[in-house]
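Labels run A, B, C, D and E following the written order; every chain starts at residue 1.
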Amino acid sequence: MQTSPQIQLINYSRENYTELQTDSTEEIVNSLNQNGGLVHWVNIQTLDRHVVKAAEKIFKFHQLTTEDILNTNHLPKLDVFEDHCFLIMKIFTYSEGKKRFDYEHVGVLLFEDSLLLLQEYPGDIFDTVRLKIKEGSGSIRKGKSDYLFYVLIDTLVDHYLEIMEEMRERAERMENSLLEGEDSVTLNEIIKMKRQMNRMRKFTFPLITEVKKIKTEPPSFFDKSTLTYMEDVFDHLYLLNTNFEYLRERLMDLINLYHYKLSENTNQVMKVLTVVSTIFIPITFVAGLYGMNFQDMPELGWKYGYPAAMGVMAAIAGGMIYYMRRKGWM
Amino acid sequence: MQTSPQIQLINYSRENYTELQTDSTEEIVNSLNQNGGLVHWVNIQTLDRHVVKAAEKIFKFHQLTTEDILNTNHLPKLDVFEDHCFLIMKIFTYSEGKKRFDYEHVGVLLFEDSLLLLQEYPGDIFDTVRLKIKEGSGSIRKGKSDYLFYVLIDTLVDHYLEIMEEMRERAERMENSLLEGEDSVTLNEIIKMKRQMNRMRKFTFPLITEVKKIKTEPPSFFDKSTLTYMEDVFDHLYLLNTNFEYLRERLMDLINLYHYKLSENTNQVMKVLTVVSTIFIPITFVAGLYGMNFQDMPELGWKYGYPAAMGVMAAIAGGMIYYMRRKGWM
Amino acid sequence: MQTSPQIQLINYSRENYTELQTDSTEEIVNSLNQNGGLVHWVNIQTLDRHVVKAAEKIFKFHQLTTEDILNTNHLPKLDVFEDHCFLIMKIFTYSEGKKRFDYEHVGVLLFEDSLLLLQEYPGDIFDTVRLKIKEGSGSIRKGKSDYLFYVLIDTLVDHYLEIMEEMRERAERMENSLLEGEDSVTLNEIIKMKRQMNRMRKFTFPLITEVKKIKTEPPSFFDKSTLTYMEDVFDHLYLLNTNFEYLRERLMDLINLYHYKLSENTNQVMKVLTVVSTIFIPITFVAGLYGMNFQDMPELGWKYGYPAAMGVMAAIAGGMIYYMRRKGWM
Amino acid sequence: MQTSPQIQLINYSRENYTELQTDSTEEIVNSLNQNGGLVHWVNIQTLDRHVVKAAEKIFKFHQLTTEDILNTNHLPKLDVFEDHCFLIMKIFTYSEGKKRFDYEHVGVLLFEDSLLLLQEYPGDIFDTVRLKIKEGSGSIRKGKSDYLFYVLIDTLVDHYLEIMEEMRERAERMENSLLEGEDSVTLNEIIKMKRQMNRMRKFTFPLITEVKKIKTEPPSFFDKSTLTYMEDVFDHLYLLNTNFEYLRERLMDLINLYHYKLSENTNQVMKVLTVVSTIFIPITFVAGLYGMNFQDMPELGWKYGYPAAMGVMAAIAGGMIYYMRRKGWM
Amino acid sequence: MQTSPQIQLINYSRENYTELQTDSTEEIVNSLNQNGGLVHWVNIQTLDRHVVKAAEKIFKFHQLTTEDILNTNHLPKLDVFEDHCFLIMKIFTYSEGKKRFDYEHVGVLLFEDSLLLLQEYPGDIFDTVRLKIKEGSGSIRKGKSDYLFYVLIDTLVDHYLEIMEEMRERAERMENSLLEGEDSVTLNEIIKMKRQMNRMRKFTFPLITEVKKIKTEPPSFFDKSTLTYMEDVFDHLYLLNTNFEYLRERLMDLINLYHYKLSENTNQVMKVLTVVSTIFIPITFVAGLYGMNFQDMPELGWKYGYPAAMGVMAAIAGGMIYYMRRKGWM
């Protein structure tokens, strides 16, 4: 486990910025009570029950919310309460080489002048956001906590879109390999990718409808101009959904393609077997015929018996070859 | 059949707790008429028609409700009446070793200050709930009958989620076995699991929409704070539904995977047959040729006739091997 | 055709019961005009155009209704008019042995104090209802025509559920036979059952939504307490629909199972062919080699030539057997 | 092309009937301006741009309507305007023997006292309607233009239902042939029928929702009693839709059946090959063994060597036959 | 890159027409400020960030709109703002010979008296529109900017329908080739076409719902008569959607057809192998039998031994041929 303090506080306004690493509840409460139009971003990088329970007491959210934060199997959702919002989301770690496709459970609580971000493991995709706030670049410092909330969701959706794009590219590479008749793509690889895609879909799909709640029932402190920015997020979520459907169909096509290529190969193999057998089995019989040891087989004594037998065999083989060429099997 | 009394009464409030095993209608009526803010939980562990009819008389519910309780094939549903609710649900018994995947028919009637639980067989998943009430742990004793109703549904949904999780793990194990080329997974096993999943789905799916009625048309005596707890149940029902869809797709993928692996195996088998036949059938013919008994076969008298024939056969075999290597069949 | 009168009248109230077989329009009109709170149930067991047209005149329904009664291909539907309802339904005759799966076209017209039942052929599923009325058992005699209407629909839906159950059992038996590797199930049998199921589904499915109209736009004379009973019918229709979906998926699984078992069988057959061929084709070649008649084949004169050749053949066969055992084909 | 006048006028009321073939715009305008409660049915049996443009001027409809009439690829639709309706529909020509499955583009414009029918080619399915009007049979002469509009749609839907029925019968015949193991059904035939069905579906499906607009937003001059008749059309459109779904599933089942029968046949063929090979390949090896020319093969000199060899071969063949009978392959 | 000015201005009214190629912001602003009921059509044929940013300043649209214009992966959409609309669409380049199926990202901004068209690359499908404006033909010059907007969308939808038609024809040609047993169609070709269709569908499908927004929430300056024209576009979008579904099903049928034809071919190949093997393997055994070298084989000395053996072999071969003819394999 972490030995460094697991709670980080970022207080900012257009003019000010302070940052604080602490494990003391008191310090956090003091920080939150500071005035001067500050936005307080509290980062908790552990889902230790005691820490979350402490946060529950400080921020006064419902114990069911605490349960949802601690239940790392919970699907994404957005609950809008009178004076705060609660969002569950998943951060993914995807890499082609990796065996397991992992996800991390993340909870976000948005209040009028503060935002609480709780996550399973240290480290996340929001470091560029923290840097922008520190440096005062971009427009986050100009906004309130709702704008920060938008920026976090926007970053998350971009994170999803990137992973989707990587998956799509990998699927396309596999498809091209199969189309070009290469042996490098195995069924196992395709099946495993389909599994990863299904799992990612399960943990992002609910977000698409859930985030829309911010539009239909926005919390009172949510700025109208931020809602305009949220529209941009909805567009990207719609793209995400479209891309999922597209990838899903692509993977199914890929599996079918694999199957068809296998059928084609079996068909090829059978053709070669049939061609060879059909030519040689009948003439082997003719050879066997004149290998019989009957005392009275006149052909064996003929002068041109041997060449005649050879001719018969050549004729049979030729007829078979002609037949199979016409069928298109040779 | 049971010889012990089939009816159990639990009367509780924040301060009091009494428990009673009885077969006497009178005792039950007396107990129900007790005052002092008690919640009465009546447990009937049989669906004997006479017992249910007696309960109908005591609790004054509709005879159609009685019919639904007795009809063990009835799908889950929630009926909200003026002064009570009626819920049908199924408890499952699932174990990998078991041949049959069984379910038990359960009816719940919720009144303002009492709850009637009727079930097909003795024994159920609610014993921890009874223990918590007895010991006064948790918050059930602080609530009314509607909170008890929530706790029972919550326990049921958790019961479903656990079974789903077991099924998912089993499907994943089978999938991994197939991917690693093991022989241990049979088609019959997969098909039987799909059957179990379909059956479980049939008897839980309706619950997802039915339970939502408690939100859209809550009975008058249902507490607002309990509705907040019901929201938590809806989230879990949504997860349940998602997990079903996920498992369903997984089982279909599993069947397909089995089929593809079989096709791959047939393809392998055919390749070996073709390789062996294609090499040996033509040279067997050559051998047969020189096994013929024609009197006038000059090659047979040649000094190097035998090694020459061997050479021809080696050349033919070599050519075939070269061809099939290039095709990737050897 | 029938020579007995095709029209039967049942007049009943809580206290009275009269029954009448007639072909006279006048008698029917007289009967209908009788007072005293009687319910008049008119049974017409033919769809002869003249008879239906006569009924149209007596009961004054729309000529389009007449057309629908006479059109035996019409889908089930419920039309609610100002002073009457019109229901089309199908009665099925299903038996495992029967070649054809037949259905009968039935029209029901419900008026405030009478009910007209018209059907294609004599004999139906409602004889127990008629008996209950005659004997005054059950609660039909206590109700009005709307309650009789409910009883008829309830009987019909139970009739459907029974047929579904028979189908499900038959499908399960076939599935079990396939899983146990028995030969008794043929593809034709499965396909024919799917056809029957589709046909039954076509002629019951519309009923599910149509009957709900009685709730959304009940006729003025429809009693509120009867609507409560109709809710019970809706539950059963929902079960019917669920069972259809379940059977449909089961039959598709069954067909797939048949296909997979066939593929497994082909795979088995190919393995045996490959095993036998792979062992014997190479050693047959070796035997053929020493069957050649070259004058100068030193091996033939060796003392241990024969045992040596046998040894070579045993070695080849052994190698092949080892290879195929490792592949799991033997 | 036609040389006879392409425009036909039918003017009728309950008492009067006149008919007119003309190419003169003036005559048409005069006819339309006639009073006396006449309904004017104008038939234009060409989609020549100049003729349609002339009609646009006379009847004063929008130029977009003209474009839709001229665009023979347009899907069916119903546009309801303030003082008129515009309907696009397709008439089909289907015959089993015919190579192409053709359709004809038809536009209908309904005004308060006139109806304009425009179609691609001369000849249509409405001749019985024209005859009924001429002879005054049926109830068309008693109605206004809206009733004529209903009669035309009703005739069209009956036309569709008939074609569907022919298709269904043909599919059933093919299915029965396949089930009885006949060779007469080819894949090409099934595929072509699926194509025809898809095409017909494409050009009738939109009608089902479009015609419903007449109910939700009826034009002001549309009689209420005619709407009752339209309900009958909706019922038939619903049947049409149901029949399409039914046929669609049937054709898919048919294709699958074809595939399964083919797989069964391949399985049969492989079994015969395996049976013959498995019996004869091993014993042919034994025969080859004693065809070897080694000088020192003691068995060859044994007295009962030949019968012994025959016995060995019979034993091998018998063993193979026993094995394959037990497998059910013989 | 282009060296000519990337911005083109077209100013028109019913009477006037001016055209301007420029890179100067000032010129554009001056042009836009011109009065006299002119419509200003600004064409920007690059998505260079600086150019788009400059347009943002001139036309005062939101920076999120700028981002959407620059994001060439954005799905089609229509945003309706208070005083302007923003449309994203894709122009496709499809040709059978081409390897890649490309699309171009296009943004349209519609204001009360101006329209801004931004596109990725120079050259588009709207040149006929520009020509019609210049020549004053058609009715564009009579309308305002909203009518121009309609004309552009109408042209785009016609462009999509044309590409769909080409795809459909190509799919039909491939299908016919397969049905006629030609070898020219490869699986790769079908798969690639399915890919193209999916991609095109992804980038046109959203348009169908998005464009409808112009009807449900039209901008204040949008003329009612233009909305009538938009209805025509909706009809064509509906046709587009129908055609997509139709093509999609067709391509799936095509892939299945390919698979069935392959299965039929494999079945044919196996039949030939089985026929040849079944006839010759048994008689080759008989020949081998009499090729054995036992000293004591009485048949070998019989006078008619050889013809008798030939007779036996002919009988065996004849029996096999008879059996296989009856099976329909020969």
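In this text, a contact is a pair of C-beta atoms (placed from the backbone, for glycine too) under 8 Å apart; a residue touches a chain by one contact, two chains touch by 3 or more.
Everything quoted here is computed from the prediction, not taken from an experiment.
Identification of common neighbours of chain A and chain E yields an empty set. Annotation for chain D: without this chain, the others remain one piece by the touch definition. Each step here moves to a touching chain, and the least such steps from chain C to chain D number 1. On superposing C-alpha atoms, the copy chain A sits rotated by 145° relative to chain D, to the nearest 5.
Centre-to-centre spacing of chain A and chain B amounts to 26 Å, using the average Cα coordinate of each chain. With centres set at the average Cα position, the gap from chain C to chain E is 42 Å. In chain B, the residues that touch at least two other chains are 263, 266, 270, 273, 277, 281, 284, 288, 291-293, 297.
Taken as a contact graph, with one node per protein chain and an edge wherever two chains touch, the assembly forms a single closed ring in which every chain touches exactly two others. Around the ring, the chains sit in the order A, B, C, D, E, counting from chain A and moving first to chain B. In the complex of the two chains, the chain D residues touching chain E come out as 62, 64, 67-68, 73-75, 77, 79, 183, 187-188, 191-192, 194-195, 198, 202, 206, 255, 258-259, 262-263, 265-266, 268-270, 272-273, 276-277, 280-281, 283-284, 287-288, 290-293, 297, 299-301, 303, 305-306, 309.
Remark: chain D residues 175, 179, 228-229, 231-232, 235, 238-239, 242, 246, 249-250, 253, 256-257, 260-261, 263-264, 266-267, 270-271, 273-274, 277-278, 281-282, 284-285, 288-289, 291-297, 324, 327-329 touch chain C in the complex.
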